[in-house]
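This report refers to the structure that appears directly beneath it.
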Amino acid sequence: MTDSENPTLSFTDTEATICHISKMIQEDKLYFVQMAGAPLMALLMGKRLYAPGVGYVVEEGAVCPDPEFPLPRMMLGSSGVHFRAVQWTSMLMVDSHAALGFMDYGLLAALQVDRFGNFNSTFIGGTYDKPERRFGGPGGANEIASQCWRTIIMTKLQKRKFVERCDFVSSPGYLDGTPGARERAGLPADTGPWRIVTAEAMFGFDDTTHEMRLDAVAPWTTVDEVVAQMEFRPLIADEMGALQIPGEDELRMIRSEIDPSGLTVSKGEWVTIDAVTGKKVA
Amino acid sequence: MTQTAPIIASGKGEFRPPDPDGFRAYIRDHKDRRLVSKLVTDKEAVSRFVSDGDYLAYDLNIAARGPGSLFREIIRQKKKDLWVMAKFTWTDVSLLIAGGCVSKVDVGWMEFGPVLNRAVKDGSVKLIEWSNGALAYRLLAGSLGVPYLPMRYLGGTDTFEQSGAVLTEDPYTHQPVCAVPALNPDVALIHAHQADMYGNTRVFGAGVSPVELAMASKKVIVSAEEIVDPIEIRKQPQRTTIPYYFVDAVVHAPFGSYPGSVQGLYTADLEQWLAFAAAGAMGKTDEYLEKWVYSVADHQEMLDRNVGAEKLQALRAADTLKEGYYD
Amino acid sequence: MTQTAPIIASGKGEFRPPDPDGFRAYIRDHKDRRLVSKLVTDKEAVSRFVSDGDYLAYDLNIAARGPGSLFREIIRQKKKDLWVMAKFTWTDVSLLIAGGCVSKVDVGWMEFGPVLNRAVKDGSVKLIEWSNGALAYRLLAGSLGVPYLPMRYLGGTDTFEQSGAVLTEDPYTHQPVCAVPALNPDVALIHAHQADMYGNTRVFGAGVSPVELAMASKKVIVSAEEIVDPIEIRKQPQRTTIPYYFVDAVVHAPFGSYPGSVQGLYTADLEQWLAFAAAGAMGKTDEYLEKWVYSVADHQEMLDRNVGAEKLQALRAADTLKEGYYD
Amino acid sequence: MTDSENPTLSFTDTEATICHISKMIQEDKLYFVQMAGAPLMALLMGKRLYAPGVGYVVEEGAVCPDPEFPLPRMMLGSSGVHFRAVQWTSMLMVDSHAALGFMDYGLLAALQVDRFGNFNSTFIGGTYDKPERRFGGPGGANEIASQCWRTIIMTKLQKRKFVERCDFVSSPGYLDGTPGARERAGLPADTGPWRIVTAEAMFGFDDTTHEMRLDAVAPWTTVDEVVAQMEFRPLIADEMGALQIPGEDELRMIRSEIDPSGLTVSKGEWVTIDAVTGKKVA
């Protein structure tokens, strides 16, 4: 229930997730962003609002571009997203920059994620040889999640996405979670998933057990509601944080300058909340 | 320093065993060292240099600076049993599958949909798992003339299990390190901004791995928006992306990336860009192929009949951010 | 596919064990990701970023587009115990030896003479044998973040025996293949045509391996003939050789390659180009160093007092083949 | 003894060697030439006179340059030698072109060469640790001699240069000469030294034993005189070839257009011959 006097705010889960991630973007870090779409929009939202000088690379070899806003309707392969880069080079080069330890954060999307932050972008349901639904593959996610120091993964809070076991581990989290598991698999030391971000909740990982930990929830939901949307029970932070309500100005920015076509952000579940209390409006 | 290095783990994905010396012998016997004109039609390029059963690789995709005209010519000529590298690709893999040209795909990323799903389910197309970077890295190995390269990713995942990678031990640090086999495609397709008749090629803007692809492949077909005078190449040697002796065929293909974009020249035709995926969703890929491939003799006829000069003009005009490409 | 790969043979040359994870940790903790001005004097660059005992590498040599001004500053500051990479070098290695800065040299090629001979005979300088290509290839390994790379040469020779290479077995073909350890220099010197204050760097013309050197090295000092406005870099991103985050210091050094040439800008000063070798032959390197290094405060004073504006003008005028460098 | 009526011709051994090699240069082959100096001069002499379209690469990354004649006084690092290349790239790239099998011939100079074409550019006399005279190292010779299909080596016909054992094998010939020796050392298959060229004699190698074979001698010397200048006895070709006398026009070309400064070609031993008979003039 909510005070019917208060104004309401409607947005998609994608829009909320973009708002959450945009607030994490720091000017003194370098980011490796996977392809076009929501992860790039989240980075660019952060660049537009909080860290104008932030540097990032994209798989197809643009180094620290400075695109103009509003962003082009279709970002994949448009000259707009590579505008005013400091260098145009190749995928092999930017992957090497990550291998050398220059990329602080990888920014990715996932179909499915497990307790240890391993994630899937290959198939859902059935077996590898007879998948119910095949998807496009890891793309650059494997090298990004392996070689960047910390990985930020966007996904949706759904039971079929937060699973006990991924149908297929396309890209590495903490693998079986044991200490040194990534190093034993040949991956660079001291790397791994750092945050899993959804509209309703943000997760981190325990430093020793590498288990996913619920760190913060949105005002329009609760810890119990969040956990109810997961196949496994995550660790629960001793001090639960609160995700900020997307500001009207932020939503206006997303719709006018980040994804003017709405092709990406308008997809997904719509939420309507009380703009003051942040509670769901029935 | 001189212990032995065991293979700790090994993927079960199929791959062609690397053969650097076999590749060298091919290069010695088949690549022309002379400055001779390699200008051919798209028809000629594909019939002479793409064979059934070839391993086919290309740079970028049908969304951006990809060899769109060559994809369609391969389908038009009903090439069969191709093993396709899906590195940073888009709907082009499904397009080739719909055309009946594909038996295997090395997966980095590809736009998925009903066409792909059906082919995977009925087993007509076999997939092997890699990643965009791993496939580019395998081309790097192929371009260096070595049988394999060590790398710091793939390990620990199901992707590794379904790939041809191995987890071995570095002879120097004795730490576990992944290794991937060199990839030397039979034929490479590269769509470029400019080329001269000898094959000296210029690609402008950011890209995936055109240089390594050209070096690693036995046969290289370049389609170019513009054919430039060889003297222009020699007047600006640092703008050359690929020197002539790697290239077997040069096709003059204005709007060769259509319906995709070429940065600095024209934008994608959004409507047609999405048309093939839509056709797939509606089970109408045959109609799509009939209109865009079979019913036209070649790329130029497709542009004339199905797109039109006015539309092409508009696409050129719509690419307003040309800064940095041609200067 | 999963046998063990024995080490068949191993060179006995000294090298620093590769440590990709240690290098990554250094990069994480020491390299500035922000766009901040890195403009410093040659004095400051060398005192801050070159330490006694460092492994020092540089691109090209004092004959052509080499960091001549930085060589002289290193000697002026009496840096000691450097391990120098002699990859496609010239008299610069002897110059650094004459200055008392060097304890070890990885040999690809260097101009030899009395200075070098004496240092080798009296044991004050230790040599390790590689080749130009092998040293560049070790930098490639360092630039890829891997501990080693396989390659197809060095094997079978005394060079191999005196290097740190190993002969191992390729896990895929089971053929013998050489491997060399990654090289990650402590400090790299790169003389460039242009750089902006952030370190975005442009090198024009053919070269050895400036890109891999910058990527593989912990500390990177760029000396540039010209400092350009950062917006110029962003307006032509495909002309950038090295992006800013690899670079720690940018020194504005007109005629920085003197007495060597910079292609597209000025020719070598033939007379002075040969002067150091002559001084070595006559046992007068002390006089040479006094005149060209110790008696002047810095590069600019050396140009003003020992060369003069007229001579510099003449060297610019003498480079008549500028085609292709600045366009 | 010679007919004193005939004109005489004087040249250095370096000039004669350049003339010999220039006649081998073919337009349908690619060449990898080591650094500046005599080998590059020999290639450019061939390009100037016999194969104007010939392609070659140099270590510092110039692909198929088309320099203007006369060549610059000092070629090392001069823009003149990279003029009108089809590409300016890096040492790593051209080395890879050789690794891939594109480079048909490597063109090199050596201090010392043995029976199997192994050669030295590292030190002469004493031991590796205490050399009598240290030299500059293999430079690019090791990768060129390993990775090009065939290697052409320039040197001087002297007992201290054609030796039973090199003081140091900087770069590989046929190693111990046994079949497959190069392959066992990790080198590409079916490669190796092809010709050793001096002013007075040209050598090849036996296909099976890989021993050096004297194939041709200059008119101003004899097989016995040649063998007398070698520490080991080479195989002798069944049909001994005759090296051509350097033409006056060729010598004029070398001195005016190939090495106008004379810094390279004027070094070495002067020979004076009867221009008609080709015999030495006492």
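Read from first to last, the chains carry the letters A, B, C and D; within each, the first residue is number 1.
Everything that follows uses one rule, which is that a residue touches a chain if its C-beta (ideal position, glycine included) is under 8 Å from a C-beta of that chain, and two chains touch if they have at least 3 such contacts.
These numbers come from a predicted model, not from an experiment.
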Intersection of contact partners for chain B and chain C:
A, D
Would you kindly tell me how far, in whole Å, the mean C-alpha position of chain D lies from that of chain A?
61
Between chain A and chain C, what is the gap in Å from one C-alpha centre to the other?
41
Intercentroid distance (Cα basis), chain D paired with chain C, Å:
29
Multi-chain contacts only, two chains or more: what residues does chain D have there?
62, 82, 84-85, 88-89, 99, 147, 188
Where chain B touches two or more other chains, by residue
20, 144-146, 151-152, 175, 177, 205-206, 235, 237-238, 323-325
What graph shape do the protein chains here make by touch: line, ring, star, complete or other?
other
Could you list each pair of chains that touch one another?
A-B, A-C, B-C, B-D, C-D
Show which residues of chain B lie in contact with chain A when the two form their complex.
60-61, 63-65, 86, 88, 90, 107-112, 116-117, 120-121, 127, 129, 131-134, 136-137, 140, 151-160, 162, 167, 175-178, 205-212, 260-261, 263-264, 267-268, 270, 273, 319, 321-325
Counting only contacts in the complex, chain D reaches chain C at residues 35, 58-62, 73-74, 76-80, 82-85, 88-92, 95, 99, 118, 122, 128, 130-131, 133-143, 146-147, 166, 168-172, 175, 181-188
Parts of chain D lying in touch with chain B, wherever the complex brings them together
27-30, 53, 55, 62-64, 66, 82, 84-89, 96-97, 99-102, 104, 147, 149, 188-190
In the complex of these two chains, what residues of chain B are touching chain D?
20-21, 23-28, 31-35, 143-146, 198, 200, 215, 233-235, 237-238, 240, 243-246
Of all residues in chain C, those that touch chain B in their complex:
1-7, 10, 17-20, 144-152, 166, 168, 170-173, 175, 177, 179, 181, 204-206, 235-238, 323-325, 327
